[in-house]
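Common to both upcoming complexes is subunit A, partnered first by subunit B, then by subunit C.
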Partner chain A sequence: MNLNLFDQFLVPQLLGMPLLIPAMLLTTVLIYNPQDRWLSNPLTTLQSWLIAKATKQIMTPVNKPGHKWSLMLISLLTMLILNNLLGLLPYTFTPTTQLSMNMALALPLWLATVLIGLRNKPTSSLAHLLPEGTPTPLIPILILIETISLLIRPIALAVRLTANLTAGHLLLHLISTAALSLMTTSTLLAGLTLIILTLLMLLEIAVAMIQAYVFTLLLSLYLQENV
Partner chain B sequence: MLSRLALRAAPGVLRNLSPSLSAGALCAARSFHGGQPCLAPLPPLPERGGAVRHGFIPEEFFQFLYPKTGVTGPYMLGTGLTLYLVSKEIYVFNNETVSAVVFLSLVIYAVKRFGPDVAAFAEKINEEKLAKVSTIKNDSIKALETAIQQEKKEQERVAVRSYIFDAKRNNVAMLLEINYRERMLMVYNEVKKRLDYQVAMQHLKRRKEQDHMIGWVERNVVQSITPQQHKESIAKCILDLKALSKAAQATV
Partner chain C sequence: MPQLNPEPWLMILSITWLVLITTLQPKIASLKFMNSPSSPAQKTTKTWPWPQI
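Let's look at the complex of A and B:
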C-alpha cells in the first residue's frame, strides 16, 4: 500500500539491492532476435517491419555520415517505447521517470552531437547560432539566446521525458485512488471517474510512445545540424 | 582413449534424438573452431504459436489438470485462488487495481478489435516475400518451357528444309528458262529484221527496174509516132466516133 503518491517512483529494492538495472533490461527479453531464417514467424516479421519503418522515418532526413548513428538511435527508441509502455502496467516501475536515467541518456548523446559538429564542421555548426535573415542590430543578443538554447537542450530533453511520464503516472494514481474511494460513496461519480480514467489511460499510452519518439527525433535533428 | 571413442560416437547418438533436438544437439556438439559451421537444414518453425485459452493460459495446463479434475478443474482453481487472495487481503484492492482493470480492458479491446488485422498483415508481408521469389522462379520456368517449344519447332523446320531447297531450285530453273527464251526471241526478231531488209531491197530494185523499163518503152513509142500517123489516127478516131454516134442514135 502506497503511503504517498510518490512511492511509486522509488527504485524497487530486493533485500537492499536496487533493481534498477533489471528493470531497465526487462525490455530486452521482449524483443525477438533476428533469426537465420528467410521467412520468420509472424511476430518476428512484424517486429522487423516496425523497426524498419521507424528507422526509415527517423534516419531519412539525416545525411549519409549520420547513418552511423542509426543503430544507437533506433535501439534508444525501442528501449524508451518499451519502458514507457510497460510502466503503464500495474505495480511496474518505470525507469524513465527517474531524472537521473534520462539525463544519463540525453547529456552524452547531445554532447556527442555538439562535439562532432565542432570537430568536423566548426564553421557550419557555429553558424547555426544565428538564424538567417536577422536584422543586424539584433545579432549579439540573438547569438547569446541561441547559445543558451543550445546549452539548455540536454536538460530540456531529459526533463521533458521525465516530467511527462511522472505527471502521467501521478495523474493515473490520483484518479484511480479517487475512483476507488468514490466507489463506496457514490457509484455514479465513480463511474464518471472511471470514464475519465479510461480516457487518461489512452492518453498515457499515446504519450508514452510519443515522448519516446520525440526524444529520438530531437536527437536526430541535433545530429542533422552537426554531422 | 575412451574419450576419443565417445567423441567419435557422439554424432551418431545425437542424430538419433527426436528431430527437434537433434539439429541443435548436432550443431552444439561439433568441435569448437574446428569443424564446418553448422549449415544443416534447420527444422522448420512451427506455423502457429502454442495454443492458449483466454489469451494467456496455455492449453497444456488444462490438459494437465483434466485427468484429475475434469473440464472445470482449472476454472475452480482460478476462482478459488482469486477469492482466497482477495478475501484474506493477501492481494489488497488499491488504486493500482482500478488502473489495472482499466488498462487491461483497453488492451483486451484493442487485441480483440485489431488482432486479426495485424495477424493478416504480418502473414501478408511473408506472403509477398514468398510470392516475389516464386514469380522469379515461375518466370524462369516459363521462359525455359518457351525455349523448349521453340527448339522443337526449329527441329521440325530443319526436317523439311529439303522441300524448301527443291522449290528454290525449281524457281531458279524457271528463271533461267525464261531468260533463255527471251533471248531466243530477241535473236529471232533481229534475224527477221535483217532478212526483211534484204527482201525489201530486192522488191525495190525490181520495181525500180520495171518503172524504168516502162518509161523507156513509153518514150520510145511516143518518139516513134510520126506526125503523119498522128493525123491519120485522129481522123480515124473521128470517123469511128461518128459511126458510133449514129449507131447510138439509132438504138435510142
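Let's look at the complex of A and C:
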C-alpha cells in the first residue's frame, strides 16, 4: 500500500531515458511567443497581461538596482506555476515534488541575494541579524537565532514547496482510492468522499498557484533586504 | 520516500536550470522587451491593425 502511494514520485523512465526532460520542456510549449502585430489574439494578450501584472506585483517593493532580477523571478514564477498546475492532471509527473529541483532553485538564488548584500552593503545586510529595539542582555542569543534563521531560509523554501505539493498529491491519491473502493460497498459514503475529493482538488489548484507565488515572493523579499 | 533518493538529483538539478535559463527566460524576455532589439535596424514600427500590403 505504501509503495503504491509513493510510486507516483519516482522519476519516470522509458527505456532508460528519463522522462523528466520532456516533462519540463513541454510545459514551456504552453507559453505563446509574441506576435508581430498591433493587437495579438486574446490568449496571447491575456498571457502578456498576466505576466505584466505579476511583474508589477512582485517587483514594485524592490528598489531600482533589484529590477535586474525581474526576468529571473518572473521566469521562476512562470515555471513553478506551470509545473504545479500541470501536475494536477491525472497520470502526469510533477517535477516540483522533487526536493532536488526545489533545492536547485532555492539555494543558488538565496545565496546570490546574501552575497550581493555582503558585497554591496555589508554593514546594512549584517545589521539585519539584530532587530531594532532589542534589550542588551538578549543581543548575543538573538544574533545566533537570526543567523540560524538566515541559514535555514533555502531549506525552508525548498521543503515548503516540496512538502505542500507532495502532501496534496498523496491526499488526492488516498481519497480517490478510498472513493473507488467504497463504490462497491456503500454508494452514499462514496458520494461523500467524491464531494471531499472535489473540494480537495479545488484546494490543490489554489495551493499550486499560491506556493509558486510564495516561493518567488520570499526570494524577492530576501532581495529587498540585500540589494 | 523516492524524493530522498540521491541518484537522480544531479540530472534533475541540471535539467531544471537548463530549462529555466535556455527556454523560459528567452520566452519571457521576448514578451517583456518587445520593441527594444539589439540594433536599430531591427526595430519594427507597429502598423495599423491590418498588415499593409
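Assume the second predicted complex is superposed on the first by the 224 of 227 C-alpha atoms of A that agree within 3 Å, B and C clash if a C-alpha of one lies under 4 Å from a C-alpha of the other, contacts with A are read in each partner's own complex, and residues count from 1 in each chain.
Basically, contacts are C-beta pairs under 8 Å (C-beta built on N, C-alpha and C of every residue); 3 or more make two chains touch, one makes a residue touch a chain.
Just so we're clear, the structure is a prediction, and the values are computed from it rather than from any experiment.
**Student:** Could you look at A:F6 and tell me whether it touches subunit B, subunit C, both or neither (first, second, both, neither)?
**Tutor:** A:F6 contacts subunit C only, not subunit B.
**Student:** For A:L25, using the defined touch cut-off, is the partner it touches subunit B, subunit C, both, or neither? Pick first, second, both or neither.
**Tutor:** A:L25 contacts subunit C only, not subunit B.
**Student:** Thinking of the overlay built on chain A, is A:R37 touched by subunit B (first), by subunit C (second), by both, or by neither?
**Tutor:** both
**Student:** Have a look at where A:Y91 lands relative to subunit B and subunit C in the superposition and call it first, second, both or neither.
**Tutor:** So A:Y91 only meets subunit B here.
**Student:** So, does A:V159 touch the first partner subunit B, the second partner subunit C, both, or neither?
**Tutor:** neither
**Student:** Quick one: classify A:V214 as touching subunit B (first), subunit C (second), both or neither.
**Tutor:** neither
**Student:** Could you figure out whether subunit B or subunit C reaches more residues of subunit A?
**Tutor:** C
**Student:** Do any residues of subunit A touch both subunit B and subunit C, and if so, which are they?
**Tutor:** Looking at subunit A, the two contact sets intersect at 36-39.
**Student:** Please output the residues of subunit A touching subunit B within their complex, sorted ascending.
**Tutor:** 1-2, 36-43, 45-46, 49, 88-91, 172-173, 176-177, 179-180, 194, 197-198, 201-202, 205
**Student:** Considering the complex alone, what residue numbers of subunit C touch subunit A?
**Tutor:** Its residues touching subunit A are 1-4, 8-9, 11-13, 15-17, 19-20, 23-25, 27-32, 34, 44, 46-49, 51.
**Student:** What residues of subunit B sit close enough to touch subunit A in their complex?
**Tutor:** Within the complex, subunit B contacts subunit A at residues 42, 45-47, 49, 92-100, 102-103, 105-106, 118-119, 121-123, 125-126, 129-130.
**Student:** Which bits of subunit A are touching subunit C when the two form their complex?
**Tutor:** 6-7, 9-11, 18, 20-21, 24-25, 28, 31, 33-34, 36-39, 47-48, 51, 55, 70-72, 74-76, 78-79, 95, 97-101, 103-105, 162, 166
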